[in-house]
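Presented sequentially are two complexes of chain A, the first with chain B as partner and the second with chain C.
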Partner chain A sequence: MNNKNIKKFFINNAVPIMFIVLSILAIPLAGLSGEYLIQEMMTRLARYLFLVLSLLIPIIAGMGLNFGIVLGAMAGQIGLIFVTDWSVVGLSGMTLAIIISMPIAIILGWIAGVALNHAKGREMVTSYILGFFINGVYQLVVLYGMGRIIPISSNTMLLPRGYGIRNAVDLENIRGCLDKLIPLKIGNVNIPLATFLLVGVLCVFIIWFRKTKLGQDMRAVGQDMEVAANAGIPVERTRVLSIVISTVLACIGQIIFLQNIGTMNTYNSHEQIGMFSIAALLVGGASVAKASIPNAFIGIILFHIMFVVSPRAGKTLVGDAQIGEYFRVFISYGIIALALVLHAWRIYKEKERARMMFREANSSVSSESEKG
Partner chain B sequence: MEKIKIFIEKAGWPRIIIGLFLLALFITAPFVNVNVFTSISDVLVRFGMWGILVLAMVPMVQTGCGLNFGIPLGIIAGLLGAVTSIEMNVTGLSGLFVAMGIAIPIAVILGWGYGLLLNRVKGGEMTIALYVGFSSVAFMSMMWLLLPYKSQDMIWAYGGQGLRTTISVENYWFHSLNDIGAFNIGDHFYFPTGMIIFFAIMCLLIWALFRTKTGTAMTAVGSNPEYARASGVNINKMRTISVIISTVLGAVGIIVYEQSFGFIQLYLGPFWMGFPAVAGILLGGASVHKATILNVIIGTFLFQGILTMTPSVINNIIQTDMSETIRIIVSNGLILYALTRTIKAKSAKVKA
Partner chain C sequence: MRRWLIRLGIVVGFIVICFLLYSFGKQYEIFVDNKTVTISETTYEAKYAAVYNIDDSEETEIKLKKRKKSYVVGPNHVFVLKYVDENGKDVEIKKEFNLSTDRESLIVNIPVLIEGGSEWLIDK
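On to the complex of A and B.
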C-alpha cells in the first residue's frame, strides 16, 4: 500500500478510527473487566443488529438514513401490548406480536414512503419529523384510545383512571424467549445464538435482495432518479417499497430488542431507537449514501463500547458520572451531524464541479458560434 | 364562492382549520368555566415570549437556508448571557440588558461559524441544522457542569459545582421587560406592554433590514441564486449574515422568554425549543422558501393560542389532559405539511 492509499484509507474511515482510539483511551479509565465487556457486547449486538440492518435498504434506494424506522418500532410495540394483554407466552407470543404488528408496519411504511416521495431531496429531515408526527398519533391511540375504544382486558396494564396503557409494560411473558432458545455458554459469556441465527437469515435476505430485480431497480433509483425513470423503472413505487421493507424490518427489530430488555417504556422505548441505530451505523463507517452489513456489526460494537464505558470513564476523570452521560449523548448527535455534513459537502462539491464544467462547455460553444 | 376559494388557496388549509379551531375554543371557553379574559391575557404573554424566537426563522428562510432547526445554538448564546448576568449580580432592566450585551457577541461568533458550515452543505441545511442544534445542546450540557460559575442562586446546593437545571430569575430580572407600562383591566386581564413593544421593535428592525440594499440582496439570494450571482451579489456572505442575524435573534429571544417565564432552563432545556418556533412560522403561512413578518405575527398568535387554549378548554370538556398529544400532532403535522408541500409546487412550476 503506498502513501496515497493509506491517506485515502484514513480519510474514508475517519469515524471508526476515531472511535477505536477513543475506546482504547477510555477502557482502562473505566476499569471494567474484559469478560464483562464481551458479555455486554454480545447482548447489545443481539439487541440492536436487526434494527440497524433495517436501515440498509432505503440507503440503497438513495433515500438516506431512514429516521422513520421509529414508525416500525411503534407498530411492533402495539403488537407487544396486545400479546401481553392476552398473555400469550414465549416464542408463540413473540410470533403473534410480529403477525399483529406487521400490517400496521406496512400501512405506516406506505404512508411514510408516499410522504417522502413528496419531499425528494430532503427525505431525512422529513422522515425525522414524520417520526414525531406518528408518535403523536401513537400517543393518541395508546394513551387515550386503548381501554376505551380498543378493548384491553387486563386492568394491570391500564392506568388507574381506567384507560390508556401504563408507562411501563412488563414483558415477563416473552422476556428472553428468543435469546435463550438455544442456550450456549462459552466461558462465562452467554451467547444468544437463536437471535444471531435470525440476524444471519436477515443478512442472507439482504444479500439476496440486492441481486433481485427490485434490488437492482432500487440501486438504479438511488443513483439517478431521472435515468431510472427513463429506463422504465417505476421510481415512486420502488421508493415506497424500500421504505415499507425497512419499516417492517424495524418492527421485527423492535420486538427482538424488547424481548431482550424485558420491559417496555410505552411512550419512550421507540423514541431513541432511530437515533441510536443511525449513530451506530455511521460509527461503523457507513455514510448517507453507502452502507454495508459489516458497517452495522463494527458500528454497534464501537458505539456501544463507548456507551458502556463513558459514564465510568467520566467518573474517574472528573468525578462525575453525569459528564459521561452527557458525553455519550453529545457523541451520538455529533457523529450524525458530522456524517451528514461530510455527505452534504461532497454532494455540494460535485454540484459545483458540474456547474463549472457546464459553464466552460457553454462558453466554448458560444465563442465558437461567435466565430461562425 | 370564487372569492372563498381564492382565500382558501391563499391561506392554506392548515391555517384555516387551526384558525377555526382556535375560534371555536374561544367561543366554548365561557361555557366550560374558563375565563376568556385570562385566556386572552395568557395568549398575549406567550405571544410575546415566543415572538422573537419565531422571528429568528425569517432571515434564514429568506436567503434560502430553510427552516432554522439550529436555533438552539442561538439559545445557548442567550443562556450564557443570562447566567453570566446573574453571576455578575446585576438586577432589574440593566441585568436584562447586560445579559443581552453578553449574549449577542457570543451569538455573532457562533452564528458566523454555523453560517460557514451551512455554506458548505447547500441543499442539506435543514437536516444538518437539526443535528448542529442537538449536538451543541449536548455539548453545552457538559459545559454547564464544568464552567466555573459561583453564584449561590445558580449552583447545586449540595455538590457546590455545576449549574442547576432550572435557575430562577425572580431576584434578578423577573418580568423586568413585561412590566414596563403593563396594565390590568379588571381582575383578569393583564397586558405585558413592555414585552410586546420590544417584540414590535425587533419586527420593525428586521422589516427595515429587508428594505436596505443588503436586505434586498439577501432576498435575491434566496429566491433566485443564479440571478443574484449574475448581479454580483456575494451569495455566501449574504447567507452567513442571515445565519448570524437568526442566531442573534435566538439569543435575544430566549432572554425575553426567560424574563417572562421566570426561569432559565439549562441542560436539555433548549433541545426542543426549535420546533414550536418552526411550527409557529409555518402556521403563519410561511413556506420553506418564503417568510414575512406578517407570517411571524399571525403564526405565533395562532400557535401559542392553540397551546394555551387546548389544555384549559379541552380538559374541562372531556376531563382529560390531551394538550401534550395535540401539541405534538399539530406542530409536527404543520412542519410535515410544509416539507412535503413546497416540493409539489416547485415540480408543478417546472412542468409548466
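On to the complex of A and C.
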C-alpha cells in the first residue's frame, strides 16, 4: 500500500476510524464488563438492524439517505395502536400490525417518492421536511381522529376526554414476542435469534434484489438518470419504487423496534428514528452515495457502544454522566454533518479532477494539431 | 385482466390472513369466581375451595368468596377444575369452550359449574 492509498483509505473511512478510536478510549473509562457490553450490543443490533437496512435501497437508486423512513415508522405505529386496542397478542399481533400498516406505508412511500421526484438533487432535505409534514398529519389522525372517527374501544388507550391516544401505549401484548421466540443463551448473553433470522432474510432479500432487473435499474438510475432514461428505464417510477420499498421496510423495522422496547411513545417514538438510523449507517462507513450491509452492522455496534459507554465515561472523567451524554449527542449529530461535508467535498474533488483531465486532453489535442 | 385478478387474489389472501391472525391471536380476560351467585332466579352456593387451570397452564388455587383473573388467547380452550367434596372425594370437572371474537371479558362461575348449571361461563 503506497502513501496515496493509505491517505485514501483514511479519508474514505474517517468516520468509523474516529468512532473506533473514541470507543477504545471510552470503554476502559466506563468500566463496564465485556459481557454487559456484548448483551447490550445484541439487544441493540436486534432493535435497530431492520430500520438501518431499510435505508440501503434508496441509496442504490441514488436518492441519498432517506430521512423519510419516519413515514414508515408512523405507519407501523398506527398498526400497533390497532392491534393493542383489539387485544391481539404475541406473534399474531405483530404480524397483524405489519399487515395493517403495510398499505399505509405503501401510500406514504408513494407520496414521498412522487414528492422527491419533484426535488431531484435535494432528496435528503426534502425527505427530512416531508417527515415533519406527515408527522403533523399523523398527530391529527391519532390525537383527534382516533376515538372520534376511527373507533377505539379500549378506554385505557384513550385520553380522559374520550378521543385521542394517550402519550404512552403499553405494548405488553407483543413485548419481546419476536426476540424471545427462539430462546438462545450463550454464557449469560441472551441472543434474539428469531429477530436475527428475520434480519438475515432481509439481507438475503437485499443481495437478491440488487441482482434483479429492478435492482439493476435502480443502480443505473443512481449512477446517471439521463443515461438510464435514454436506455429506456422508467426513472421516476424506479425512484418511487425505491422509496416505497424503503418505507415499507422501515414500517416493519419500527414494529420490530417497538416490540423490543415494549412501550410506544405515541407522539415521539418515530421522530428520532430517521436521525439515529442514518447516523448509525454513516458511522459504519457508509456515505450518501454508497452503503452496504456490513456498514449497517458495524455502524450500529460503534454508534451504540458510544450510547452505552459515554455516560459512564463522562462520569469517570468529569464526575457527571450528563456531560458524557451531551458529548455523545454532539458526536452523533456531528457525524452526520461530517459525512455530508465529506460527501460534498468528494463530489467537488471528482468534478475538479474530471475538469483537469478534460483540460489536459484538450491541450494535448490542440498542441498536436498545431504541430500537424 | 389476469394481472388484476392476481392482485385481487393477493388482497383477498391478505384479508383472510388478517382474519385468521385476529381470531387466533385475540386475548380474552377470564375472571374465575368462587362466590355464591344467583342466575335466572337460581342461587348457586359456593361450597368448596378449588384448583383450576386453563389450557394446561399452571394450576391456580381459588378460595371461597374469591375472584382470580386469567388470560387466554385464541378461540378454543379447556377449563379444568379440581376440588375435594364433602365426602373427601377428589372431583375433577373438565369443560371445553369456544370464544367468539365479539367477546372481551368473561366470568367462570365455579359454583354453577359444580352444580352442573349451563350458565357457568357468562360475559362480564
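Structure notes:
Basically, the second predicted complex is superposed on the first by the 344 of 372 C-alpha atoms of A that agree within 3 Å, B and C clash if a C-alpha of one lies under 4 Å from a C-alpha of the other, contacts with A are read in each partner's own complex, and residues count from 1 in each chain.
Rule of thumb we're sticking to: contacts are C-beta pairs under 8 Å (C-beta built on N, C-alpha and C of every residue); 3 or more make two chains touch, one makes a residue touch a chain.
Only a predicted model underlies this, so the values are computations on that prediction, with no experimental measurement involved.
Partners chain B and chain C fit side by side in the overlay (superposition on chain A). When the two complexes are overlaid on their common chain A, residue A:115 makes contact with chain B while staying clear of chain C. In the overlay built on the shared chain, the residue A:173 is in contact with chain C alone; chain B does not reach it.
Partner contacting the larger number of chain A residues, of chain B and chain C: B. In the superposed model, A:87 makes contact with chain C only, not with chain B.
In the superposition on chain A, A:356 contacts neither chain B nor chain C.
In the superposition on chain A, A:99 contacts chain C only, with no contact to chain B. Applying the stated contact rule after C-alpha superposition, one finds that A:334 touches chain B and leaves chain C untouched.
Of the two partner chains placed by the overlay, neither chain B nor chain C lies in contact with A:227. In the superposed model, A:343 makes contact with chain B only, not with chain C.
Using the contact criterion defined above for the overlaid structures, shared-chain residue A:207 touches neither chain B nor chain C, since it reaches no partner. The superposed three-chain arrangement places the nearest Cα atoms of chain B and chain C 32 Å from each other. Touching chain C in their complex are the following residues of chain A: 86-93, 95-96, 99-100, 173.
Residue ranges of chain C in contact with chain A, taken from their complex: 14, 17-18, 21-22, 24-28, 73, 104. Chain A contributes residues 115, 118-122, 124-126, 128-130, 132-133, 135-137, 139-140, 143-144, 318, 320, 322-323, 326-327, 329-330, 333-334, 336-337, 340-341, 343-345, 347-348, 351 to its touches with chain B in the complex. Contact residues on chain B toward chain A in their complex (touch as defined above): 69, 117, 120-124, 126-128, 130-132, 134-135, 138-139, 141-142, 145-146, 162, 267, 275, 320, 322, 324-326, 328-329, 332-333, 335-336, 339-341, 343-344.
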